[in-house]
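There are structures below to look over.
Each of the two complexes below includes chain A, the first together with chain B, the second together with chain C.
Presenting the complex of A and B:
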């Protein structure tokens, strides 16, 4: 059955989840610091895979998906924080203040709720054309940041929301990333994925082929936002403290770098991009912290990590604009179509 | 070249009942099928910021007919196709499918209702396989994934591309890429097919195959074809009626013999070619 090229995304997902399981098993034996790095990378993988569902399939860049992380994170915080803490930090209506859900229930509530929000937000913006659509997603990020920074009653405003239950350990993060990969693969075998990829290749030809480009974009946008929101929930309950700044430009930059570095048209590319950027970040973070060689301690100035990431992003954009993997996917059987740059028209 | 299979299939009754599994409204509903038996352009004018690209052009295309639309570059032929398919809003005038004004329909709605076009530069989904290019057409008209894939395979094999199913469309030679474009249109089950210079860039052998394909589409699918082309020999062989545009206006309408003999057309466009 999996020899059917249309089902290849499921093969890819199976392989990636197996590799991820291997990483998780190794991390389980590693020191706690290393384990935290792996957990963080797995959460970012969830987010990047979510981003891939929209960006990879539609070819439209989104600078706003981290906003859905924020919404997911804050919603989950409100639903899982202890009532006493909510009374101190927030000013919620009585029933919300008294409510404290177990984290799996909160996750089940938050993800569809963010899906509805994404539907409402995506409905107008998926009708936009050209550069207007990515710019609109950036506007969503800014609006979310401003609201989160000022809505003291619900988000705590500029004050950090502390004391979130920290349940995102290695295996919860693994589960989240594996489910995200599976969801992206299942979307990948649907008609909607193929129709959206047609619009990515040529929007005019797609419309002439009867494809409702706006509708297909909206479907992917909502699914993508839901996966990203799940990543936001996991992230919030990993660090245990969130502010509006947690989900803003830094995280947007890192997740987009991960997607572009690996190859934004490929699920495997998203996986490789997260691995590459996480390893490089960790390496430079170590250098920033300083290390000793004999009697000499070497420490790089702060910010080196961001500069290194930006340099990697630039190098990839210049040398390999389609990312390290282009649109190649790992699979049990070889594909004869492969990646192919469009030839000049004529 | 692989058109043999297609010509065998489409020159007689269709071996495979292409309409059997189709979910498009104009095919499910025979009343609609009859109603969509003509495509009318009524007094269409298109202005581009002071430049009049089309000036009061009317046109009627019947199901099963191949109508040639010719004229020099800049005559407004492609603009007219853009108006018909909803990519260009007319400044004045209207387009009617089976008597219904389709001015409010979006391009994808028009193609789903059987008003399908091909492009002068093909516009393949370059990074997708030839099979996926054609499969997308079946999906967009409501076929299941399996049905759309099976139909796409069949059409591509009949077009002589059976060994290129999984090749990225953007890597195919131009002639084959053009056949993928036509296969994509056929898979839409067109009631009316608007072909914009389909012979551009093709050699003589490929043009002969193209002629067979177009005749086959018209006869087997009962599809009206609007055939824009500069290769006059092909137009005169294929079309029973030809409309000539010049500077956005209709210069003449008639049979190939009438058009050949028309002194205005000879002066404006055909020159010595018609002699």
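Presenting the complex of A and C:
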């Protein structure tokens, strides 16, 4: 069955999940600090795979997906915080304040809820064309940020919400990332994904052959928002606190860098991008923390990590505009030469 | 009377937004780049004022203009020139990267705390006109903006380079075919854009009395909105959009119920999204923004 070329995304997913399992097993034996880095990378992978479902398949950049992380994170916080803590931090209606769900239940409630929100928001936005669509997603990010930093009753406003149950360990994060990859691959074998990728290659031609571009974009938008929201939930319960500032331009930049660096047109590319950026960040974080040579401690000033990331992104955009992997995906069966029509760009 | 007061606030804020939007719109019209790093040009102007604090005013102004122009030209040369053939989305991501790079370089050099800068402090006093209190800074802002716009208009209308820039904005490839030198026109646009950003930084520093490495971000987001509202690629449109967004911001601040005022920016961006459905190509439709098949 796996030899069927239409099902190649599933092969890719299987390989990526196996690699991820290997990483998780190694991390399980590593010291706790290292383990936290791996967990964080896996959560970012969940988010970037979610972003890939929309951006990769449609070719339209979204600057607003981090907003869905925020919405997911805050919803899950409200559902899982202890009532006593909610009483002091927030000002919720009685039944919400008394409610405290176990985290898996909260996750099952939050993800479809964000899906509904994404449907309502995406329905008008996916009708926009050209540069107006990414600009509108930008506006979504800013609106969410402003609301999250002012709605004291529900989000705590500028104060951080603290005391979230910190359940996102290594295996929960692995599960999240693996499910995200699987979801992206399953979407990848549907006709919706194929139609959307047609519109990515040529929007006018796709519309002319009867593809409802707006509808296909909306479907991908909702699926991707749900995956990203799951990532946001995992992220909040990894850190244990949640603030509006976390989910703003910096995180948007990092996740987009991860997607673009590896190659935004391929799932494997998203995976490679997350790995690359996480490794570079971790290296520079170590340097920033300081290391000793003989009896001298050398520490780089803060900011170096971000400078390095931005420089890498620029270099990739200039030297390899389609990302490190371009259109390539890993698979068991070697692809026939015609299957990756990478345009010679630049 | 209250209305007049608000109207003056709206016009002066709109003037600043218009300057910021002009800087973004000018670059977009010529090379389809939405320059997110425009905010860092604003920030660089502010930090020049901070670094040279205490020098004579004329020195400060000239130094800031030179620094922002050089930074703008540097961005173009290093990051945007190799990407000239890339699509607008890739260019936007690249400008995001440039912005991040410059921001964190400043963070590395100056630290993350906001720092006080005394600049044009004597403009913070107000003039009274029969019950109206108008801060001098607002009057100067409006005056300077009008002068700059007049100057730009004359430049585009009557100078050779200005004519070439208008031609490039209309159809870049065609302009090149008839002998407009691409590198020169684009470099000119970036230098002007840097100068405009510098003017915005003067206003911000005089208004807030401080600089920080993120000071350009909120201004650039507003400028984005303004230039899209005006019509990406239209220079007149960018100025118009800036004034319009200024008027909407001040009206929301003045007439929203008190509870909702902290959400002002959310309303501004919500109105922006609604506007996009009404006129996705902005007030001034340009040939440049249309997709060619």
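The working rule: the second predicted complex is superposed on the first by the 336 of 346 C-alpha atoms of A that agree within 3 Å, B and C clash if a C-alpha of one lies under 4 Å from a C-alpha of the other, contacts with A are read in each partner's own complex, and residues count from 1 in each chain.
One rule holds in what follows: contacts are C-beta pairs under 8 Å (C-beta built on N, C-alpha and C of every residue); 3 or more make two chains touch, one makes a residue touch a chain.
Values in this document were obtained by computation on a predicted structure and should not be read as measured data.
Asker: Once chain A of both complexes is superposed, is A:327 in touch with chain B (first), chain C (second), both, or neither?
Answerer: first
Asker: Applying the touch criterion given at the start, work out whether A:150 contacts chain B, chain C, both or neither, answering first, second, both or neither.
Answerer: The second partner, chain C, only.
Asker: On chain A, which partner touches more residues: chain B or chain C?
Answerer: Ranking chain B and chain C by residues of chain A touched puts C first.
Asker: Figure out whether A:212 sits in contact with chain B (first) or chain C (second), or with both, or with neither.
Answerer: A:212 contacts chain B only, not chain C.
Asker: Considering only the touch criterion stated at the top, classify A:204 as touching first (chain B), second (chain C), both, or neither.
Answerer: Both partners, chain B and chain C.
Asker: With both complexes superposed on chain A, which partner does A:302 reach: first (chain B), second (chain C), both or neither?
Answerer: It touches chain C, and chain B stays clear.
Asker: Which partner chains sit in contact with A:195 here, chain B, chain C, both or neither? Use first/second/both/neither.
Answerer: Once the two structures are laid over each other on A, A:195 reaches chain B alone.
Asker: May I ask you to decide whether A:6 touches chain B, chain C, both, or neither, giving the answer as first, second, both or neither?
Answerer: Only chain B is touched by A:6; chain C is not.
Asker: Check whether A:294 is in contact with chain B, with chain C, with both or with neither, and answer first, second, both or neither.
Answerer: The answer is neither, since A:294 touches no partner chain.
Asker: Taking the two structures together, which residues of chain A meet both chain B and chain C?
Answerer: Shared contact residues on chain A (touching chain B in one complex, chain C in the other): 204, 345-346.
Asker: Note which residues of chain B are touching chain A in the complex, please.
Answerer: 85, 87, 106-108, 111-112, 116-117, 119, 121-129, 131-133, 135-137, 139-141, 145, 148-149, 166-168, 170-171, 174, 184, 188, 201
Asker: Applying the document's contact rule, which stretches of chain A touch chain B when the two form their complex?
Answerer: Chain A reaches chain B through residues 5-6, 191, 194-195, 197-198, 200-202, 204-213, 265, 327, 335-343, 345-346.
Asker: Which bits of chain A are touching chain C when the two form their complex?
Answerer: Touching chain C: residues 60-61, 124-125, 127-132, 134-136, 138-140, 142-143, 146-147, 150, 203-204, 249, 253, 256-257, 260, 301-304, 306-307, 309-311, 313-314, 317-318, 321, 345-346 of chain A.
Asker: List the residues on chain C that touch chain A in their complex, please.
Answerer: My answer: residues 34, 79, 82-83, 85-86, 88-90, 92-94, 96-98, 100-101, 103-105, 107-108, 112, 217, 221, 224-225, 228, 232, 262-263, 265-266, 269-270, 272-273, 276-277, 280-281, 289, 291, 293.
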